[in-house]
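Two complexes, one shared chain (subunit A), two partners (subunit B, subunit C).
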Partner chain A sequence: MTITDPGVSEYLLCFADDEHLMGQQHTEWIGVAPFLEEDLAFASIGQDELGHAAALYALLVGDDDRAIDDLALRRDAADYRSCHLVEVDTGDWVQALVRHWLYDAAESLRWQVFADSAVTGLAGTAARAQREEVFHRRHADALLDALLSVPESASRLDTAFRHLLPVALGIFEPVEGETVALEAGVASESIAGLRPAWQELVVARFGPVDWHSITPPDQAGRRLRSADFAVRYARMREVNDLDPAAVW
Partner chain B sequence: MRIYEVFLKRKGKQEFRHAGSLEAADDELALVLARESYVRRAEGDSIWLVDRDHLVVGDEEFVAPNADKPHRHNDGGRVAERRQRIHEENS
Partner chain C sequence: MDDFEAFLDDGGIVEADDDMPDAYREAVFRFIELHANSELMGGLTEREWIPRTPGLRHKMAVLAKTQDEIGHGHLLYMVAADLGCKTRPDMLEDLFAGNSRFHNVFHYRAKTWGDQVAIAFLVDAAALATQQAVFKNCSYGPYKRILRRIIAEEGFHMRFGEERMLRIAEGTDIQRAMFQQSIDDWWWPALQLFGPDSKPDDKLLRWHIKSERNEVLRDRWVQKFVPLLHGYGFTIPDPGLAFDQEADRWMVGSIDWEPLKRTLRQGGPDSARRISEAAANWADTRWVRDALERVSRRREAA
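What follows is the complex of A and B.
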């Protein structure tokens, strides 16, 4: 099937915007990551996420680059459907790394629900993305394995983890159009239904968590942008705003 | 941190070739980082990483005494001449 239902569009837009924002955030580390090899690796992972976003946007508006750019970069802030985890400014590398882990653990689960999707092309996109996610997760785990063995690093990582965990829960907030999408066979599981599996991964990585004591941010069904979004969005659009008619 | 030497190989008969080196905290990290630093454009189909400390090294001083032995540089010319001479004598 092709996507005609606005609910299904809205549902897929949430994932596309998450991927887009996450990619933009990662690529900001190019040139300033803690060491050269990581600089390349992190920007590459960001590039992969931007590719995933482009593929999802293309499902919504077709392959025309201009249409994809319009959707990716020329919307009102209120029309974005990103979760707050991908919008927030992490400030330092420790938080960026923890977010990378938390996000990619969820992302892997999110692609799995499209394995038999009724949307033409989505299962193939998901399979390709999933192959990349295996590497993204391995990268995040390798860094955490190395850093958690050093007491000072472990302590800083834990602080970043405690800070970001509530924000990360916003990933799993039910989104508009999801019911329609599930009924139409677009996805095989709701986003909230992925949360238990993600929590298991989190506990296996970071240790026991008192989930009842953690409250996700108020995202109003992803209709509310976080405080950091405006600055991030201005940076994303910087080149586009200089010359909106430019052809790439 | 450890230093790893990176070797790449393409599919088929080509041998592993040295591509460079990188610094990483452990083997797994070295592997994931080498993937982005050395094969991000599929420059090879497989990759070897060797911890530099595990290399068995012969330095220049060790190799140098063999640099002055022209008699070991056999280009086959003398043997070819002899074969030619014998061939002519027998024909």
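What follows is the complex of A and C.
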């Protein structure tokens, strides 16, 4: 099937926007990561996430750069459907690393629900993305294996983890159009249905968590942008806004 | 030294483990360290505009270019470290302490998207020209092999810069005005990247590290870019620029080398900010390197 239902569009837009913003954030670490190999690793992962975003946007508006960019970069802020985890400024690299792990653990689960998707092209996109996610997760795990084994860095990671965990729960907030998407065979599981599996991964990685004490952010069904969104979005649009008629 | 120079004149190639005169080792090391630092600082110049790239796939391409630059730096630091003069961490510490050099052009700030494109178009072309000239006759084997790869990638960057320049040149008044300003700001720094005329006894030429004189490379670049930019209706900020009918060449006006000299003392327009930000970032992430170093030592011990 091709996507005609606005509910299905809205549902896929959430994932596309997450991938776009996550990729955008990763790209900002090039040149300022702790060492040169990490500059390249974060940038490569950012490339993959931006590529996933482009593939998902293409399913919604066709594989045309102008149409993709209109959707990716020329919407009102209120029309974005990203979760707050991919919007927040991490400020330092330790938070960027923890977010990378939390996000990619969820992302792998999210691609799995499209393995038999009724949307033409989506299962293939998901399979390609999953192959890349193996490397993303391996990268984050290798760093965490090492850094969690040294008390000083483990304590920094723990602080970052406690700070980001509530925000990360926002990934699993049910999104509009999901019921339609599930009925139409676009996805095989709801986003909230993936949360238990993700929580197991989190506990196995970071240790026990009292989940009842953690409150997810207020995202209003992903209709509310976080405080950090505006600045980043202005930066992303800066050149396009100079001249709407220009082709760069 | 005479035997060594005769060996180089015969096309001899020096490898990292070979005996070589200290002066040669030091000269090659300094040259490669400068190149490595410049790739890294060039990547940092471009970095500021990646988040602002006006298109999703366009951004992926721009990021890929910066990844290449940082990757070149990474490879070059390894080649430089193999010469045994400084370790890679020492080279980075020196760079961030303002104690070692990088190319003049990266002491300037990319203030607009037009600057980002001008760098890819004018500066990368200048850098590529110098690298090709080194590659052609380079006596230090490890550097020559790395240059082969760098030059291939830089060729892609230059074509990418040309494509983007074309879209701007054929674009709106706002785009053209922005790019004219970028040419006004970057023409002289890019031209000075080649350096002043080579001295008659230039050791880098004698030892086949460089193969062409600075002024020859600079002139070739001028002959290419003056007609190209004029052809797109842009002006060049050189009141002395004139076409010599007899010689059939563009002649540039007198070059004020003072801005270049200032960058050599870390006193360029953006040197202080550029170095201090890189240094602050390097210091902020020291804990990661320290922790990984401890893990690595522990593994070696076990």
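Following the convention adopted for this analysis, the second predicted complex is superposed on the first by the 241 of 248 C-alpha atoms of A that agree within 3 Å, B and C clash if a C-alpha of one lies under 4 Å from a C-alpha of the other, contacts with A are read in each partner's own complex, and residues count from 1 in each chain.
Methods note: a contact is a pair of C-beta atoms (placed from the backbone, for glycine too) under 8 Å apart; a residue touches a chain by one contact, two chains touch by 3 or more.
Being a predicted model, the structure only gives us computed values, none of them experimental.
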Key: Which superposed partner A:Leu182 touches (first subunit B, second subunit C, both, neither)   = neither
Task = Considering only the touch criterion stated at the top, classify A:Gly31 as touching first (subunit B), second (subunit C), both, or neither.
result = second
Request  = For A:Arg232, select first, second, both or neither according to whether it touches subunit B, subunit C, the two together, or no partner.
outcome  = second
Task = Could you tell me if A:Asn240 is touching subunit B, subunit C, both of them or neither one (first, second, both, neither)?
result = second
Task = In the overlay, answer first, second, both or neither for which of subunit B and subunit C A:Arg156 touches.
result = second
Request  = For A:Leu60, select first, second, both or neither according to whether it touches subunit B, subunit C, the two together, or no partner.
outcome  = neither
Query = Who does A:Leu201 touch here: subunit B (first), subunit C (second), both, or neither?
reply = neither
Ask   = Does the superposition put A:Ala146 against subunit B (first), subunit C (second), both, or neither?
value = both
Task = Give one of first, second, both or neither to describe whether A:Ser44 is in contact with subunit B, with subunit C, with both, or with none.
result = both
Request  = Report, in rising order, the residues of subunit A that make contact with subunit B in one complex and with subunit C in the other.
outcome  = 35-37, 40, 44, 146
Interface residues, subunit C side, partner subunit A - complex = 40, 43-44, 47, 50-60, 63-64, 66-67, 70-71, 73-74, 77, 113, 164, 167-168, 171-172, 174-175, 178, 278, 281, 284-292, 294-295, 298
Note = The residues of subunit A that touch subunit C in their complex are 20, 24, 27-28, 30-37, 39-40, 43-44, 46-47, 50-51, 53-54, 57, 65, 68-69, 72-73, 92-94, 146-147, 149-150, 152-153, 156, 232, 235-236, 238-240, 242-243, 245-248
Query = So in the complex, which bits of subunit A are touching subunit B?
reply = 35-38, 40-41, 44, 135, 138-139, 142-143, 145-146
Query = For subunit B, which residues are in contact with subunit A within the complex?
reply = 22-26, 28-29, 31-37, 40
